[in-house]
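Down below are the structures I want you to see.
Below are two complexes that have chain A in common, paired first with chain B and then with chain C.
Moving on to the complex of A and B:
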């Protein structure tokens, strides 16, 4: 009984070790399985995956319009004060005043790409971008204004 | 064609010997000069070998882990290891203030010198051997166990608890696994009837021991691979360095060329262990022959003996490298359980089986 258990354990362990070696041998003989990419060489064709979080961006349409209402939900949601929104009162055609953004300041150097601002945004004005080459020599260049000059809010976004 | 095939390492060595005998008329001086030449030839062989093994290890690791490995310096990254060596050459060889400075500087030398000494009785090609000593196998197993002194010395003199722990683990490990290595070597010695390396190779003229010796020799080959992997402190038995637990174990405090010497010794040990496994179990430089297929055997004879030897050695090196990148590291208690409860009893019974087989003449 003891011997059966003893040789059984040797057999089981040898089988599991050989199973592991079979897998690594498969990977060794199949270079097509290689997952890594040669980054600086394939820069032209490199596409990141959909869920990649590179930086916060504000998409504008062809009429230079964005969807940001200036509600500041993202600024409140941000855990480390990355976003500062400066608002202004805009005069509507019907004479009423309405809140709108003047500048959407985004401090990339503080951002941890946690995605909470995007989740908090009620009007889907900001999304996570795919670019990741953010290195600069001067940290002031990391302070970005996301709304383009002269842009205004899209029709129908409240 | 005939001329090219006649050139071999042994004819080269005999040529040098005859030229020296003619040029120098003192027998003692000829011996000394030949020793110097042999030592230099070994060094010239070992340094590129370590480069090749270093590159091979990184590439094998990369492909097994579905990566590309070094591919920037030189074509396909072949010069990466040269760049690393140059970097190590320019690094400061730091000696910690509270260490035992004499032992600290001596330890890497001992480790490298012992691993180089083991190269002496290895038959690299037909009639090409540095020292055909009559107790070759015994010499190999006894010299290789001196390396643990160097490792213990490095761990103790560093005056660092991680180094000491790593060195102590290495001591326990090598003392245990030495037994299994010895017993698996003995099974071949019983079959070949000699401790001399050239006799062991010649006894495999009609077939390698791994084929001639049935299952018992196969078992002792597997035991030899496992136990010698443990003896040269390679993963999955690398408790002595255990990067994740002990920073780098016994060579934590070493830097620059002193660290490079430990690295060199690791690769030389890897080569030596594989060369001995190839010599004892796979027939050394003997070509592969199949029974009565005369044409096949004739073609195999035309492949140079050094190519056979290096081919077998590198095949075993590859298996040991695959062990490293496949299996997880053992715990200390698991390590000792494996040796004392599994490898040692199995190899003891195995030696009895081999002895019975040799006495009854059941092998081919």
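Moving on to the complex of A and C:
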């Protein structure tokens, strides 16, 4: 009776191990079931989802115009102090002065991609970009100015 | 009592070793000081604070809209559920009625998060106990859930998708099909999970009867989640204190009476199936309507105290907000499940062998950033 139990347990143990081995064997012989993406090699074809939050960007149109009025709503909404907006007084053609952005400083190293600034923006001036390869050797390179040099505010954006 | 200045061998002949803070089986920067008699564990003392980021104090200077993002960094494997807890607590203070559609989306996302968290736990448990293959199988299915999260929420782990009043934006048009494909894939793989690990003789011998904790002890240590349910303690917040419309859904609270590592393992395995069951009920019945209630630009909670509990993948998370009527909270306290579960580790592991400590730790399913916050 003892021997029967002893050999029975050996049989059951070996069977449970072989059952697992069978599964790994199946995937070993069926390479088509592999689902990994070979990342650095598939860079050319890799597309991120359109909602992916990679970094904050400010789209400019073909005339080098953006939609930012310098209202600083994003700066207030940001929980980490990622955005700093420096404004200036710009002379309008009719002689009046108007507030406009001088530099839109974005600290990527502080950003947590929480999307609060994009939601806060009343004029849809900033959107989340899909770029995700942010590694640099020097952290000063992560401080970005989002408005392009010489850019102006788009007509009709208040 | 200093940490390193002490003698390695105590007066009673006990040997003191440090496990962690850099150890592959501690899943993060957990430092355990273990007193050993031969191979038998006499005493365990967890040393915390290696990853303390002061999230509670930080939140006091942020507005009610902004403090939610930081909770994704607590229990990062159930980030969405943490965000949901905070959003629910703020809504309780504001007395905002959340639209039905937002509630359904929140539950769907929460159950997907739970599923992905349990899958990662399943893989890591296998890895801790010496089986490397389950890790890759678990990550295969988890990846499809991560793709759902990325498509709809915009991020894989730290989604920040819940806002007070609903969710940040509507679900992606592709969401339904992607979830259905994922569920189909996951359901077909449950058998594989059972075959490769559950029935395995080495796994059974390393978990059955190891790390026993009684129901009374589990209650007195404040264990929640699968850790307590493995000892037969009924503590599912989704059943006992339903939130966001869990009361309308059919699902079972999984209870096991064993109290050992194997029981906790079986609870989580069965919970994965229940999560799939919940998602199946909801995915074709997402109500139409708004995904976010109208809220003011600056949220101000009335003077008072607000508490909301939710069931994360690891247990009960409580959010306690004290408001003095200003635009940012006066005090925030998180009752995190991992901290209480970690306190029961000494009771579970005392008297077992040092090799079993790894098995016990992996079935408590600790996430250390949630312990320290």
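A few points about this structure:
The rule is short, and it goes like this: the second predicted complex is superposed on the first by the 122 of 158 C-alpha atoms of A that agree within 3 Å, B and C clash if a C-alpha of one lies under 4 Å from a C-alpha of the other, contacts with A are read in each partner's own complex, and residues count from 1 in each chain.
Keep this in mind: a contact is a pair of C-beta atoms (placed from the backbone, for glycine too) under 8 Å apart; a residue touches a chain by one contact, two chains touch by 3 or more.
In this text the structure is predicted, and so the values were computed from the model without any measurement.
Using the contact criterion defined above for the overlaid structures, shared-chain residue A:46 touches neither chain B nor chain C, since it reaches no partner.
In the overlay built on the shared chain, the residue A:136 is in contact with neither chain B nor chain C. Judged by the touch definition given at the top, the superposed model places A:20 against both chain B and chain C. Measured by the number of chain A residues touched, the leading partner among chain B and chain C is C.
By the document's definition of touching, of the two partners only chain C reaches A:128; chain B does not. In the superposed model, A:86 makes contact with neither chain B nor chain C. With both structures placed on the common chain, the touch criterion links A:35 to chain B and to chain C. Judged by the touch definition given at the top, the superposed model places A:145 against neither chain B nor chain C. Contact with chain C, but none with chain B, is seen for A:77 once the two complexes are overlaid on the shared chain.
The interface of chain A with chain B overlaps its interface with chain C at residues 17, 20, 23-24, 35.
Note for the complex: chain C touches chain A at residues 62, 65-67, 69-70, 133, 140, 143, 147, 150-155, 158, 160, 168-169, 172, 192, 195-197, 199-202, 204. In the complex of the two chains, the chain A residues touching chain B come out as 10, 17, 20-21, 23-25, 27-28, 31, 33-36, 38. Of all the residues in chain A, the ones that touch chain C in their complex are 12-13, 16-17, 19-20, 22-24, 35, 48-49, 51-53, 77-79, 112-116, 119, 128. Considering their complex, residues 60, 63-68, 71, 322-323, 325-327, 342, 346 of chain B touch chain A.
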